[in-house]
Amino acid sequence: MINKVVKNADEAIKDIPDNSVLMLGGFGLCGIPENCIAAILRSGVKGLTCISNNAGVDDFGIGLMLKTRQVKKMISSYVGENGEFERQLLSGELEVELIPQGTLAERIRAGGAGIPAFFTPAGVGTEVANGKEAREFDGKMYLMETWLRADFSIVKAWKGDTSGNLVYRGTARNFNPLMASAGTITIAEVEELVPVGELDPNAIHTPGIYVHRIFQGSNYEKRIEQRTVRK
Amino acid sequence: MINKVVKNADEAIKDIPDNSVLMLGGFGLCGIPENCIAAILRSGVKGLTCISNNAGVDDFGIGLMLKTRQVKKMISSYVGENGEFERQLLSGELEVELIPQGTLAERIRAGGAGIPAFFTPAGVGTEVANGKEAREFDGKMYLMETWLRADFSIVKAWKGDTSGNLVYRGTARNFNPLMASAGTITIAEVEELVPVGELDPNAIHTPGIYVHRIFQGSNYEKRIEQRTVRK
Amino acid sequence: MLDKIGIAKRIAQEVKDGMYINLGIGIPTLVANYIPKNMNVVLQSENGLLGIGPFPTEESIDPDLINAGKQTITMMPGSALFNSAESFAMIRSGKVDLTILGAMEVSELGDIANWKVPGKMVKGMGGAMDLVASAKNIIVAMQHCSKEGASKLLRKCTLPLTGLRCVKRIVSDLAVLDVLPLGGFRLLERAPGVTVDEIKNATEGKLIIDGEIPEMVII
Amino acid sequence: MLDKIGIAKRIAQEVKDGMYINLGIGIPTLVANYIPKNMNVVLQSENGLLGIGPFPTEESIDPDLINAGKQTITMMPGSALFNSAESFAMIRSGKVDLTILGAMEVSELGDIANWKVPGKMVKGMGGAMDLVASAKNIIVAMQHCSKEGASKLLRKCTLPLTGLRCVKRIVSDLAVLDVLPLGGFRLLERAPGVTVDEIKNATEGKLIIDGEIPEMVII
């Protein structure tokens, strides 16, 4: 098997140039690549276009990259929960493209599957349809949507092996496997890096072929956005 | 959880009417729904359109359904290894539609994903392109292909629980999970049926929502087409 | 008139044994609390889970397990986890039997607006556009009128749309109504203590009243 | 002149450390035997496996583990299993670095025909059309001429095509040739004992001979 291990997050992201298109895994703060985000903050890389379902919160996740003005554009389905985001958006410092969540997921999946375009019903008759080809199939209207790909995809998994095979945990899976498949360079940070042969081949979520760099992260905070308990 | 257990293959397939469109999982003879095929032979249902990557061999798999003249049309990517098939095809008793394997897989996946059409590069410039819309994206040509769905999808898994969650084994996975998602009614036969809660939620290949009927099969022959050993 | 819990309780009566259900944020999330215990239903969370369980105890909180509203949750036995593309695959292909979500406005043709108010900060549509474009059966939980008393059941939506001709039924604080295929809100039930005239006055869109309208039974 | 094993050995020299490779049925399958042991490469099987290992022993045969040629196989440590849509997803998105397959004919523009002979029973294209339409790097293993002596490296294919302008390199029993982007077979190496004239006579398409042509080294 091919060894894809790099030392740490700083090494993994060091060649990301200004104005790159990044995909960052996670839903809310669940399953986000905390170590790589911290390394991106340290690197000072600028002008980033970030494709991520959400934009973090003021002081965590992608929110931190917004604070340092490293992000030029966000492509997301939902960007609430972030005051700095709102300020930059209203002041025109930040561009935002909002995409229905299922369309976002499918466009990324298409990017990783070599499918340049597909038809989906989401957004028909809404402003999302503006400028898009609409077509009827079997009596229902659909919009044509195109693939999304990234210069660098940055994902977080639970376990990974040295050849890049990944296993996610719980709902921290979300967009991570899709994004892993759609990056020109895919960087995976994992909670536990194991030797080749330790993961069950039958239970791998992201085959190693999609992953170019992998490292074991540290100090995961895994912040909870809405701590909700039973009464 | 919702209980989807039926008694056996005969009960699972008993309401398949003549002239139905079926999907049958498997690649070659690997991962085919042996019990349901046997029940279909017993049922005498006729005029079937079968979507399956292959057509079995003369005396096993879908080949058995060809022998009994229950199949009107095969939609496959490769149909070699079957003398009876060839005879019926040349005599005009059987219709065949050949589809590139990746396109077949993606069309079935699209059927299960509510995507009525997508673009793929396979077949550009070949007779597969006849009658299809071709379009350029980022300087490369693609063909528009449409979804495939079935009245009944019949799949074979390794383990399943009573609510229809499925886990496949080895390369017996192949088309099975795709077909499971694309059936109006999906029937799953499994080698081992377990109570709800026994399968790891993180390692399920087909979520139970796609499966309508499930039963534990018996007497799996798992015939090998090309027994090849190390010298 | 129903409070939020009343609306949730009334919607819970729409749930049938064996259903797969997606619950939106807000009142729809509350519906889960009132589904009869003897019913086998499975709740889908579009961030990648079939089989949402109750909220966790303080001790069992798991940051890797949240619902689409980002709340910590648990899993039921028999759950399945999957990625976001698979999640919307099952939504788009109609495998989710019932979608319950909130709305700012619904038109008499079943159009729904629930994601954007011009002039206010736009947070995004999340999964709502995919859900309303795909679901076989959509029930909306909403207030019949705005705080200012303006009807939200309209001839035509005034806010940017989330989806076209998709809402099948509305449970508001005042009434249960069906959206008819050719247009119009058919009044099915009155909330306790609410008169037909009050509902008439609160409904700008075409209201269809056919015979005696029973008062709903909320237990 | 090379026999099948010679062709496989010569193609094995094209393999680079770290490659993901899809091997077609026939001669391409043999290539696996001649990849240097110190190279880390991963073999993809389009029926759903990354990490094909050697054929099994009689005792370790597993009917649930086959390659795309339906032969029983084993898995290498670090393998991953997946479904057929995922398999072709990675093929179409260019993650497979090298595809090696057989051909009946190749044109000087890189068109390939390898799935259908009119008048003969058509068995199907399997995954060949997807592979040739997607792969970044395609090497064809083939006989230079038919049994009757007719060239199979043509100006234009006569058989129904599998794919357009996709073949990058050919290893035949007579020669190694590159297909140039603007058309033409550039002769790179001669098989042991084969002369340039013999290759000229066996090549109907435009043959480009630039300087001295070395004889290939097969170990």
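A few comments on the model shown:
Letters are used for the chains, namely A, B, C and D, taken in the order the chains are written, and counting of residues starts over at 1 for each.
Methods note: a contact is a pair of C-beta atoms (placed from the backbone, for glycine too) under 8 Å apart; a residue touches a chain by one contact, two chains touch by 3 or more.
Here the structure is a predicted model, which means the values were calculated and not measured.
Farthest chain from chain A, judged by C-alpha centroids: D. For the pair chain B and chain C, the distance between C-alpha centroids works out to 36 Å. In whole angstrom, the spacing between the mean C-alpha positions of chain C and chain D is 56. Once the centre of each chain is set as its mean CA position, chain A and chain C turn out to be 29 Å apart. In chain D, the residues that touch at least two other chains are 49, 81-82, 85, 88-89, 91-92, 134. Residue positions of chain B touching 2 or more other chains: 106, 109, 113-115, 120-121, 169-170, 202. Every pair of chains meeting the contact definition is listed here: A-B, A-C, A-D, B-C, B-D.
Residues 106, 110, 113-121, 135, 137-138, 140, 142, 146, 167-170, 200, 202-203 of chain A touch chain B in their complex. For chain A in complex with chain D, the touching residues are 1-3, 109, 111-115, 161-163, 165, 181-182, 196-197, 199, 201-202, 204, 207-210. Against chain D, in their complex, chain B makes its touches with residues 27-31, 53, 76-80, 86, 89-90, 98, 100-106, 108-109, 120-128, 158, 169-178, 205, 222-230. Only residues 45-49, 54-58, 61-73, 81-85, 87-89, 91-92, 111, 121-131, 133-134, 160-165 of chain C touch chain A when the two sit together in their complex. Within the complex, the chain D residues that touch chain A are 18, 20, 40-42, 44, 49-51, 75-82, 85-86, 88-96, 134.
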